[in-house]
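Here you go, one structure.
Naming follows writing order (A, B, C and D), and every chain is counted from residue 1.
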C-alpha cells in the first residue's frame, strides 16, 4: 500500500487574524488512497483542504506535490495542476449557465483573444455531465433553476471532468440525497481504481469508516493521529476527536417518554410550495420533539415557518391560541429559534457578543423604555457566565469566536430572554464534542425545568439520544412517529427517510 | 507571540476608529496656524453657523445609514420644508406655525418615503433617487413661477444667532443620541445594518425601523428647513440642493461606515459636519480657486475614509 | 506583490493623466492662467488690502473676464488683493461667502451676486466692511433704506430698465430692417430677472408693431399672435435627456425663420443648431465680448451683440478703493450712496465687434486703464469729486472711453 | 408551445415601447400635432435614445455588480472637454473626435477603477471622490469657462441622424458582443452573481473591475461626444452637479433588467432607452416645462419599480388560477 507519495505537506501553519487555524501539520498523501480527514469544526481540516486546493494563499510551511514545491494561487490553477476540490459551502454561481459554472475561471480555453466559442463550451460541459452519469441536466440550463443537490452535482462534474490526481471532498455528502451519494461514492471508487487519491472530509464517522483507507484526526489545528483501516473504531476515534474521555452522560440517560399533556405549540396543516405538504404536530410542555429526515425533506423550512420567519401558504402555527404570523409574535409567545445557518442567520458576525446577546433581550433590559449600559452588561454577563463563553471581553466581535462559542452565544441570546419553547435547527452543527455534550446536558436540564424543544437534526444519533418523540419527514410530509425507546435503532429510522 | 500580535492589532484598530476625531483636531490646528491672531468670536460663530444645518440633517441621516440604507433626497426634502415654512409664515405671520409646518413637512416626507419603501417593497436608495426628482419639481411648483420667495428678514432676526442655532442642534442631537444609544430602536437599527437576516430572526422589524428612522430624519429635515429660512430668508430653485451630498460627505468624513452596522456612531454626523466646514475655512485661507478647492477636498475625503477603514479590508473587493 | 503593482500602476497612471491634462491645457489657453493669484508684488505703501468679490457663477464667461481684469491688471497696478467666491446660487451660499470674507479680513466686498443682497449689506455694515454692487441695481426703496449706511458704497450697472431697453433695442434693430420671422430665447424666464427684463423689452418692441402677446398664467413665457409676424419661443436650460436641444433644433429648423433673439447665451445654445441647420439666419444676443462671440461674428452666426466689456467693472473698483482709503466723500452723492447706470457696448457688425473685442480683452491696455481710473481716485488725483466720478461712469460707451484714453 | 412561448416573449419585449408610443400619439393627437412631424423630431428621438442607451449601459455595468458609480456624468464631461481640445489643437480629422474622446474617457474609467481597487473602499465612496476630482478638473482645465465649439463646423455636423444611428448600432453590437461572447463578459457575470465563489475559484476580480470601469468610462465618452457635438458647448460642473446625468438612465436600466428575463439584458436596456427616447420626444412635442418632465420621469420610475418589486405578490394573487390549470393537466 505505501508506494508513492503524491503530496507531502510539511509544517503547515495558518492564522486568520486572531485565531490560529493550523499549527504545524504534516500530512503525506499516497496514490490510490482514500484519506479521511476528521476533526471537530475549528480543528483545521477545512483550512488544510482549502490550502491544498488553492483557496488560501498565505500560510507557512511547505507543500511538495509530485516531488516539486507547490503553491497554487487559486482554485483553477490547483485544478489544472491536478488537485480539485468540492467545497463545503455553495460553490456555484446563480444566473449563469451550467456550462459557465463548470468552466468558471478557465473560459479562455474556449476561444481565443478573449472571445468565446459557445458551441464548444456547451459540448464540453455536456460531456462533463455525461461523464458522471448525469443526463437530466444540460449545459445551457440556468443554475438558479436547479435544486441544491443538482447544483452540488454540477460542482462534482466540474471537478471530476478535469480528471485530477487528488480529489478533495469537503462535507459534501450532507448536501446530497441517497442517489447523489451513490454517484459520489462511485466516483470515489473509480478514482481509487485508477490509482488516484481522494481526501474525504466528513462529520459522518460511519461514512468515513466505511469508505476510507486511512484517517487523519485533527484537533485545534494540530495533527493528532493517522489511523489505518485496522485501527478504525468509533469510540476510539471519538476519544481522539475530543482529546479526552467524555465524563458523565453524553446524551440522556433515561428512556422515559412521558410528557405533560399540556400542548404548548400546535402546527396545523402547513402547506408551502415545494417544501411542506400538510404538516400537523403538537408540542407538549417539557417535551423534546425531534424532527429528522434528509436535508431536503422540508424540516428546515418547517422550523422557519414555526418561528414565523417564513410564511406558509396554508395552515398555521399557534401557541396557546395565539397565531404566529411573524418573528415578533413568535417571540412574544415565548418562542426562540436557532438557525442552522449560524453565521449568516443566527448571528451578526461583525457585532459584539454583547450586541448579539442583548438584541432579543432589550425588552427585559430596558428600564423606563431606556437601555442603560449598566443593565445591559449585567444581563449579558450573566449569560456569558452561564454558558461559559470564552472571549476576551463581551465587546469582542463574534466573528473571532470558535464555532462552539458562537453557538453558545446563540443559545445565550435565547435563554437570556427566558424563552419557553426553542426551535433548534441543527444546534450542534460544527460544535466540538465537549461543547456538544454541554449543550445536550443543558437541553435536558431545561426540559426538566419545563421548557419545550423542537429539535431538527440531520444527525440521527443526536435525535435518538435526546428526544421524547421523533417525527420523520420525507417530501414535506411527516411519515413516521417514534417514541423514545432504548431499542430504537438508526437503521429502522433511515428506512422512513429515504 | 500571538498575544502580543493581538494587542497590537486591537490597539491600531482603536486608533483608526478615532481617526475622524484626529482629522478634526488636525484641521483645528491647521486653521489655528493659518489664521493665528485673527481668530475671533466671529470666526467661531461662523463655523458653527455654517455647520449647523448639515450637522442636523446628518445626525438624522445616521439612522438611515446605520441599517445600511442611503438617502440622496435629503437636500430636496429640506428645500421643500423650507419653502412650505416660508409660505406658512407669509400666510400666518407666526414663527411658531412656521416651525411647526417645516417639521410637519419634513416628517410627512419621511413617512411617505418610508411607507412607499415598506409597502411597495422598493429598495430605499432607488426610491430616494425618484424622490429627489419629485421633490425638486415640487420646489419649483412651490416657487410658483417666481425666482424666489422670501419672508422679511426682521421676522426671524431674533432667532438668527449662534446660541439659538446651537441650542437646536444640541437638542436634536441629544434626542438622536439618546434614541440611538439608549433605546431599542437604535440598537435594532444598528443590528439590522450588521446582518438583516439575523436581525429579522431576532424579531427586529425592518419596516418599523425604516419608518421610525425616516420620521426622525424628517424631524431633522424640518428643523434644517426652518434654520435654512432663518439663515437666509430668501429661497430659490437651488436652495439646499447640494445639502444631500454635503451630508453624505460629512457622514463619511465623520467616520461612519456607509454599510452601517455595529460601527455606526451618531457622533460622526457632528464631527463630519464641523470637519467639512473647517476644511473649507482652511482651504479658503490658502486662497485656492473653486476647482483646486474641490480637488483638495476630494483627495482628503478619500484619504480620511481610507485611513478609517484600514482595518476592515477583505480579500474580495468591497461593494 | 500584486498590491504593490496596483499602487505603482496608479501612480504611473496619475502622472500620465496629469501630463495629458497639462498638454491639452497648455495649448488651448492663450491667456494667462487666471487662477494664478499669488503674483501680486508688495507695493511700496502699507499692507495689501483684501477685497472680496462675490460671483453668482464661477463658470460664467463674463465673470471670468472680470476676474482676469481684476487679478491680472488691477492687482498689478494697485496695492490690493482680490479674493473670489465660489458660485453663489442661493441666499445661503451668499451669506456663507460673506461670513468667510469678513473672517478673512477683507476691507470691502464687490458683489455680482444677488440672492439676498439686503441681508448681505446688513452683515457687512455690522462687520464694518465696505460693500459695493458691481452689477445689477437697487430699487429706489432699497436705496432709501441704505442712505445712512456708512459702509454701503453704491452700485454701478445696468438697471432693470436698462436691461429692458437692451432687449427692446435689439428687437427694434431687426424689426426696422424688415424681418418678420423671429425666434425668441427667454433664457431663465421668469426666474432670472435679467432675462425676464430683456425678454419684456423684446416683447414691447414687437407689440409696438402690432403683435399681440398673450401672457401665461403660470408665469412662463406666453404666446404671440399676428398676421404679419411669426414669433416662436424657447426657454429654459439644457437637461440630461437632450430634450432642450431637441426643442432648440426643432425651432431653429422651423421653415422661414429669419432672426434669433436671445436674452443671453446666444452662441452657446444656438450656434450649433444654426451651424447644423445650414440656413441663413441672423442672431442678436446680449452677452459679452469674449472668444466665443469673436468666433461667432467671424463665422457670421451673430451680427448683433449687446455686451459687457471686461474692464467695465473698473469704476466700481475705483469707488471701493476710494472708500477703503478713507476718501468716502468723493463717492457720496449728496451724502448718500450712489447708483449709476452703466449700459452695454453694442456691436452691430463684425468690424465694430472686433474693435471692441480687442480693447475689452486686453490686459495691457484695457478700456479702463490705471491712468483713466486714477482720474477719479482721490489719493492719485486730489481734485476729483463725486460729480467727476458720476460723469466718468456714465461715459461708458466705446467711443467715449476711447476719447478719454486719447 | 415553443412558438407560443417566443411570441409571448416578443410580445412582452415590444409591449413597453409600443404602449408608450400609443399613449404619446394619443396625447399629441389631442393637441392636434403629430409625434414625428419632421426630420428634426426623428433626430431628437434618435439622439435621446442614443444618449440614454449609452448612459444606461454604463450605469448598469457597475450597478448590477453592486457598485454605484457617481462619476459617470463627470467622465462624460471631462473626456469630451479634453478630447475636443486635443482634436482641435492638433488638427486631427473631425471623425477621429469620437475615438479621441472615448480613448480619454477609457483612461478616466481606468483611473476610477484603479482608485477603487487600490483604496479598497466601497465604490460609492471612491466614486464620490473621483467625481469631485473630475468635476474640478473641468474647471481647472478650462479656467472655469467650459468649452464652446459652435464655430467648428466640421465637428458639429458629426451628430447627424445617420451617424447617431450608426453609433447606436455599433455601440450596441460591441456591448452585446463583449458581454455575451467574451471571457470578460462571462467573468463579469460570474463575479456579479457570486463574488466570493468566483474569487476563490481564481477569477481575476481586480482586472475585471478595472476593465468594467474602463468600459463604463468609454460608454460615457460616447455620451460626452454626442453632448459636445450637438450642443457645441460643454459647461463646467462643480459641486456634484454632474451626477444628474445618470438619473435619466435608471428607468431604462430597470426596464432592461425586466426585459432581460425574456431576452438579452443589453437589448432590454436598449428597448428601455428607446422608450425613454419616445418619452423625451413627447416632452418636446407637448412642450412640457422641465419640472413636469422630471416629475413624470420620477413617477414612471416609481411605478415601474413598484410593479417590478411586487411581481412576486402579483403572482401569488394569480396563483389560484395557475393551480387550477395544473389540476386539469
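The definition used in the following text is that a residue touches a chain if its C-beta (ideal position, glycine included) is under 8 Å from a C-beta of that chain, and two chains touch if they have at least 3 such contacts.
The structure displayed is predicted, hence computed values, not measured ones.
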item: Common touching chains of chain C and chain A; value: B, D
item: Pair of chains joined by more contacts [C-beta pairs], B-C or A-D; value: B-C
item: Euclidean distance of C-alpha centroids - chain A vs chain B, Å; value: 43
item: Rounded Å distance, chain B centre to chain C centre (Cα mean); value: 35
item: For chain B paired with chain D, centre-to-centre distance based on mean C-alpha positions, whole Å; value: 30
item: Residues of chain A engaged with two or more neighbouring chains; value: none
item: Residues of chain D engaged with two or more neighbouring chains; value: 115, 117, 137, 139-140, 144, 206, 238-239, 247, 290
item: Residues of chain C whose C-beta touches two or more other chains; value: 35, 58, 86-87, 218, 220
item: Graph class of chain-chain contacts, one of line, ring, star, complete, other; value: other
item: Chain pairs that touch, as defined at the top of this document; value: A-B, A-D, B-C, B-D, C-D
item: List of chain C residues in touch with chain B within their complex; value: 35, 37-38, 58, 83-84, 86-87, 89-92, 94-96, 99-100, 102-105, 115-116, 118-119, 122, 127, 188, 190-193, 218-220
item: Contact footprint of chain A on chain B as seen in their complex; value: 2, 5-6, 9, 178, 182-184, 187-188, 190-191, 194-195, 197-205, 261-263
item: Interface residues, chain A side, partner chain D - complex; value: 54-55, 73-77, 87, 90-96, 100, 104-105, 107-108, 111, 114-116, 118
item: Sites on chain D touched by chain A in the complex; value: 181-184, 186-187, 189-190, 192-194, 197-198, 200-203
item: Residues on chain A engaged by chain B in the complex (per definition of touch); value: 15, 17-18, 20, 307, 309, 326-328, 330-331, 337, 339, 344-352, 355-356, 358-360, 362-363, 366, 369-372, 392, 397, 413
